[in-house]
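In the two assemblies presented below, chain A is common to both, partnered first by chain B and then by chain C.
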Partner chain A sequence: MSSCIERPRTTCSLGGALSTISALPGVIPISHTTSGCAGNLSGTTAFNSGYCGSNYCSGQSVPVSNFNESNVVFGGAGRLREELISTFELIDGKLYIVLTGCMSEIIADDVQGVVSEFQNEGKPLIYVNTPSFEGDAFEGYELVLDKIINDQLPVSSRKDKSIINVFGIVPQFDPFFRGDLGEIKRILERLGLRVNTLFTNDQTYKNLTDVPKAGLNILLSPVYGVDLLKKFEKRHGTPFITEDLPVGAIQTEAFIRHVAKALDIDSATVNRVIKEEKRDYYAYLERAADLISDSEFKYYADVVGNATGTLSYARFLRDELGFVVENSVITDFLPKKKEKILKGYLEGKDIPGNLSFETDTYQVTKLLKNAMGQPNGDFYIDLHTPRFVFGSTFEKDYAVKNALPYLAISYPVYDRTILSKGYAGFRGGLQLMEDILCVLVAGR
Partner chain B sequence: MKNYDQNEPLVRDIRLSAADSFYGKGCDLLKCAEGGCLCNKNRSFWQANSCQLSLSLMMASTIENAAIIIHSPVGCGVNMSTLYSNVTGGRNKRGLGQNNLVWLSTNMQKVDIINGGEKKLRELIRYTDREYRPELIFVVAACAPSIIGDDVDDIVNSEKENIAADLAAIHCPGFKSRVVASAYDSFYHALIRHLKFEPEPYIDYNPDNYANPYNGDQTALYRYNKARTVNLFNATSMNPDDENEIVRLLQALDLNVQIYTEYSSRDKLRFISEASLNISMCDVHDDYILKYLEEKYGIPYVIQGMPLGKKAIREWLLKIAGFFGKEKDAEKICDYEEKRLDEALKPFLKTIRGKRVIMGGGVVRIAEEARMLKELGMDIITIRPYHYDNEAGGVYSEVAEEFPDTPVAVSTQVFELINQLKKYKPDIVVEHAGKHGWISKCGIPSVNLFSQARPFFGYAGEYAFIKNLAFHLQNNSYAKNLSKNVRLPYHKNWYEKDPYSYIKD
Partner chain C sequence: MKTAVIGSESLGRERRIKSVTCYEGNLKDLTEKGCSGCLKGGKRCLSTATFCSHLTALDELSVVKNAVVVDHGPIGCSSGMMRWTLNYRMESLVTGEPFGDLNVLSTNLSESDTVFGAINKLYDTVREAYRRHNPEVIYITSTCMSSTIGEDFESAVDVLREEIPVPIVFVGCAGAKSKIWASGFDSEQHANFKNLIKPPKEKRNTVNIIEFLHHHKQYTIDLLDRIGLKPLFFNAHATVEDFAHASESIASTGVCNVKASYLGSALEKEYGVKYLADDYGMGIAGFERWYLKLAELTGSEDIAREYIASEHEKYDPILEDYRQKFKGVKAMIIMGSGYAFELVRVLSEIGIDVVHTNSFHYDPVLDRDDDKDYMKRVTQDIEDLPVSISDAQHFETIKRIEKYKPDVIITRVHGAQTIALKTGTPVVNVLAAFGFPGTVDLAEYIYEELQNKNFVKKFGEHCGFSFTEKFKNENDKSFIV
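Showing the complex of A and B:
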């Protein structure tokens, strides 16, 4: 119904911007809002992403202009200026970014004017408009990177084909962002590439400024980052390829071959890497087979999550574990333009089960219920069980009520913790398998 | 009753003069508040905190079979997921059934900001009623609709007729108040304006029975029961263990206890007027609704600090007992309880005695806990209430007396806390959740000033608190190791400055 959402799995763009900046090394956010917006948003995304938590200058440490009623009436420029002076005195960073929220946007505060005063003094300060009523968290991710990369970073004349940037994974809203990006990086490095992930713990501010040097951008999401990378290509001349987030051995092998083709990497290296990785991977599966096969670990499956990961998880379950996927539910709140991009991308793609787009948790539950069927008093009834639910913690109630095994794989995740774990790549595939098996044997 | 008739309650900044910035000595705060200089204080640097919307949601989310509509862009109210899981825990611990709470966002878009979001809100109210069949729908109005002038109250009043559920508006735009505690008033205002506080004939009781002249016994019994029934006002910061402990003490005075308003239902709220005394457990929490209930139903109330720590418990219980002429009983109970508590605390005292503590959190609780720890021989080196308003005056006159020279700072701010920790290296910190990660990063052990894990109120609470404190004074390896390996964002020279140097007049 219109744009209303029941139990949203996203925030306003300010929330996504704060999450993104918290993962960028050396970058300091200043939230030109009440102190509540920044605190509520960063506190909750830190909770909802498997207790990702706050770091350096995120969470309760984010500088805020603490917008109040008099600022709404008389403007908040003076307060922002004062906050920025103090921030530079107190906080050690490489780049400072002012973010806006609904109040500063509605009253059309002169943020640009204040920011340019500091820029004139040579301070590394920029601002990004993140009005809460235009675009959600995923948009916030793009807005921040777009401003830094396509507006601030100088064009590099020297391109290095061995440098790759990876985009499309949104900190916290893709709760496995660190583990996933770490694994993608590991794999690409095995092919002799150097990788800017921007968000893994090994990254420094230099990775961010090196981004224009890259020879290729890899986008791991069908929607998030498309505009960003089109503009990137225009400004910096770096082309991009869109790849599905690779989960498990089958998808990762395909991923490697696509990247190798785009970069002309010699096939001997590619084949060697794939062979070694698969040997390792299947050696684990070889032994796990006793458990999986003896216990008949085969399930109908529902997969609920965002546009970036859902289908990859569904394919993994179908292709590697032999699950029968009945529902692939994409829960993103997409503006028209992004919806078009996504639907265009999915056309002709391999889609496990029934694909639905649904933002409301209650409606998602209905989809899952319908696929499973309900006892109707008949002696013989083909309920689609045993059944495994993969979704966010919002799907947990449904799973628990129906005594179905369940694993949280998408935002929000707050019934398990996620530190270095990821589900992408070879190692991620093993992790996912391990977590699924853990759920199934936990009651023993 | 003027205030109660308004669509929106006055925020505490206006109603009570509230403050969020201060640094001085224990004896200064009250003076500064009374002299009026407190309200003018501010900071030239601020960090993220919370807003009254998020606290309003915290209370509303506990109400049975409710749906919450957050009228705002999609970011406000993100913390509902956290609250939902808290409430599930709270319900489980209270033995209540499944958590049926749903929440929805009008997810205001640019066109709603330009054209107003009223139509959308109306539709969402009807949809929510139809689709989820809640007993009660709260419409929570955030900053954006307030700035663009959506008439939420008008919508709520007119939609009441179109839906089956009860409907209440909570006005709590974050930008309107500097203090999160305004949320208590916002929430109570919504209950007062939109819900019923009296039992309904033929639903809750049969009026024919009472009209029957031959049924005098029933009327007498009713009167007797009401005369010894008290309402106890809870809050999210008070857990079921706290409630149990306090109910135990009140029952020892032969009182019958009804608990409000969290974890109540619409139907239960109708009995709120069926008591002879309203009892608050925190000075800055309930005055808004208690004064209303006094004006409207003539029910007196007790606001007397928090029943936390021997001294305060005695003051609190005696005050209540006074209403029923049971002071002697109360004294007896306290004597007995204190004696067995003192005995039980003995083994922990040598661990905690002389240890230096920094304490921060809710304005009343942190003062009561400081009083409690001081009495047990701990050295309180700073008290950091999160806000201050006039309602806390009672407790802070005790603070002025008991801690005249102890630094007191009205602060939620992490940078100030970290500066103090680095400078004064306390042995342990008592703080609000949300701060402990930062405290650990400074290498210092810390405990919560309240949590869901154990009682904090009453004698059981004091025992649990001290036991936990002593436990956390053992083996600080985790925080120590963490602090060696994590970098904080502040320039070195920040630690050379005074921790509260960004507070200005």
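Showing the complex of A and C:
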């Protein structure tokens, strides 16, 4: 077993940190790295996440200390100080975060020292260590939020049970993050709750500072955010529940009932909301029946993606569309501790198909190939086709070569664009179904 | 000869040819100071994301046919390949090359590796790369991390060459080595020259075309065919064998000096392969000079002249029509230095005035000794043109757009197009403006863009930049200190 990773489908933690900050309103990143890191990462996020692009002060606009070989020898603290003075003068923000990279960590720059100079002047500046060896992009998400929430935001004495925070969806590395969070918010608001998603377009900096007031945290990932929310609970006293990302009517109904139970929401409201949502959902489905019944609409499916979404998609395909899920492949690049959390969470859980953990893209393709039956000269052999591949664009070439229908659902995505679309919730489930049907009729 | 193809890796451009990324003034001043060696790279008080010379090298290596790149570093360094894969796929649709993802294997360095070294990970990964892909060549690239911790690449390459029967090529391209991302071209060309290019056995009527993804591949083949030449394309789509034959070509050329200078000069110096550095077929006059020079190599000037005349006949009325249409149109250029200055002339050929040109970096000289005055031909009529040099520093770009108020911005890559759009200015991406058809294409794009500004207007109205109020009103504030 080799330790190498072919075509990694994640970045260093700096990449995830930059993506996360780009989605936080009013927060400005300053990357204390060699020239190149931030530019390199801006491409992989702006273009490889359904062309999510850049915004206010992200991507190519990120202030970077851009240090070079001489700084590697003599230290980059002076350059960082200069960059910070200019950033405060020229760039408007509510909170500024210095992120480190491999080189600033290896040469052990005194980032803390420089940052504290500015803090002493009352500047809203913090720093987060985000070198590659802290973990991957998903870890970067957690590191940034942990620093802001569990280190910076003051503890709120007034808790409001109607305020909910949603965590676990990582900007850009969950390519549908805006649509998914928007739908989750819509559903929770129907239950009379106020929601801090932090990353949807309606959010302001106040949503971030209001986070400690929440009565409940909902974590939509089995791994990403577990440590964050444990510490959150300790510091701010807000409990959390871990829920699978709900995709489609069945999962979303269960999601609503779990949240309602945790918050003691009256069952009349809950039942009414679920009833109305399902009426809408199945009314669309009813009319799709003509197409579905008129076509061969039964597929074996392979689902490749991260720990947050893969099993939810697989369950949706199995439970709502009647597909036969053969493989659920979780591609995350997890440190031992996180792997333990994930495996613990999955124990006893309903898992469609064979579950595998594989980060290396070459091995993922091999795994998918091997799952298909191979002609061996026998008169009859079940090839396990027709087959539908759900994965990242890295899986596309395999699908195309084998003439299999395919849909990009996980990072990296660069053969489709994603603006407001999401696959979570009732509407997301419909959108996923719509996209699957689109793939199947597109050649007509 | 600044290209010293000795040592295990190339020097960064700042040190080798005194390239700069920070300047504001006019063209005359820039070139005079540059040539006399007194152009000092300025400093910025605020710098933003630039690109990585490591990734530049990685990109150019991964497009070599049947090559595998083993990136000795943390995964973040290799993840940039996703972005280039995308470009490769887009261009594959144009060139008809096999459509697929580019390959890189990361050795996945972790924190303990920075203390104890990780040369064994490199061995394992190279062996694994060979086993998996049966490549024709394996490139080993260094990163900031692996070069800082002092990994012994040379020994590793020696050992691996004993066991693996394909070329194992070390490419020293740590990102921290140079702030100029074009230094990555030099890194990979240095390595390819040392390892894959062989002394000539015979002379052949081929021309080395050193450029990016060969957008104009078929057109180039046709052009060369007329004058009895055949192209050898580098690096994209080139095989190891193509590299071995590069020294047998009559000449080298490319669509961009920034890209072609190192390898072109090295081939000329070591093996006498003429490097056509002054022109590379951009626009009308550029194309004529370039094509005639190529034709001289085979004594086919008459054929070339005849072809150029027929192209004039075909395209002149169209170009004249555009010149009328573009009366009064003012453009700003934001491009790499291979294009930023040449394009001023090309735009004048279609009747567009350039009010400012911004180049991502500037090479005062090229790698060849006799290229000291390579800018002269470009600059002679436009000495007063306001010029800036900045490595995709887009806060500066915004201020310049506000200052010069161009009707259209001509750009390519590195994020300038997004920034231009958000200022509400029409923007056109130009690939090369290669030859008559390319020039007309460019005119057509610009004309189309100017016909309907509804889309771009929206951006101007609804997108903001993250400047402080104070800075928004300071028009002449410079970031250069």
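Following the convention adopted for this analysis, the second predicted complex is superposed on the first by the 441 of 444 C-alpha atoms of A that agree within 3 Å, B and C clash if a C-alpha of one lies under 4 Å from a C-alpha of the other, contacts with A are read in each partner's own complex, and residues count from 1 in each chain.
Following the convention adopted for this analysis, a contact is a pair of C-beta atoms (placed from the backbone, for glycine too) under 8 Å apart; a residue touches a chain by one contact, two chains touch by 3 or more.
Note that the structure is a prediction, hence the values are computed from the model and not measured.
Asks: Once the two structures are overlaid on chain A, check if chain B and chain C clash or fit side by side.
Replies: clash
Asks: Pick one for A:L90: touches chain B only (first), chain C only (second), both, or neither.
Replies: both
Asks: Classify the contacts of A:A403 with the two partner chains as first (chain B alone), second (chain C alone), both, or neither.
Replies: After superposing on A, A:A403 lies clear of both chain B and chain C.
Asks: After superposition on the shared chain, which partner residues are touched by A:L41: those of chain B (first), chain C (second), both, or neither?
Replies: Both chain B and chain C are touched by A:L41.
Asks: Pick one for A:V155: touches chain B only (first), chain C only (second), both, or neither.
Replies: neither
Asks: Quick check for you: in the superposed arrangement, does A:A108 touch first (chain B), second (chain C), both or neither?
Replies: In the superposition, A:A108 touches no partner, neither chain B nor chain C.
Asks: Taking the stated contact definition, name every residue in chain A that is touched by chain B in one complex and by chain C in the other, in rising order.
Replies: 2-8, 10-12, 14-15, 28, 31, 34-44, 47-48, 53-54, 56-57, 59-69, 72, 82-83, 85-87, 89-93, 102-103, 106-107, 131-133, 136, 333, 362, 394, 412, 414.
Asks: Which of the residues in chain B end up touching chain A in this complex?
Replies: Within the complex, chain B touches chain A at residues 43-54, 72-76, 78-82, 85, 102-110, 112-113, 120, 123-124, 127, 131-132, 143-144, 147-148, 174-176, 178, 180, 414-415, 434-435, 437-438, 487-491, 494, 502.
Asks: Using the touch rule from the top, collect the residues of chain C that touch chain A in their complex.
Replies: For this pair, the touching residues of chain C are 45-55, 70, 73-86, 89, 99-101, 103-111, 114, 121, 124-125, 128-129, 132, 144-145, 148-149, 175-179, 181, 391-392, 394-395, 414-415, 418-419, 464-471, 479.
Asks: How about chain A: which of its residues touch chain B in the complex?
Replies: 1-8, 10-12, 14-15, 28, 31, 34-45, 47-48, 53-54, 56-57, 59-69, 71-72, 82-83, 85-87, 89-93, 101-103, 106-107, 131-134, 136, 333, 361-362, 393-394, 412, 414-415
Asks: Over in the complex, which chain A residues touch chain C? Could you list them?
Replies: 2-15, 28, 31, 34-44, 47-48, 53-54, 56-57, 59-69, 72, 82-83, 85-87, 89-93, 102-103, 106-107, 131-133, 136, 333, 362, 394, 397, 412, 414
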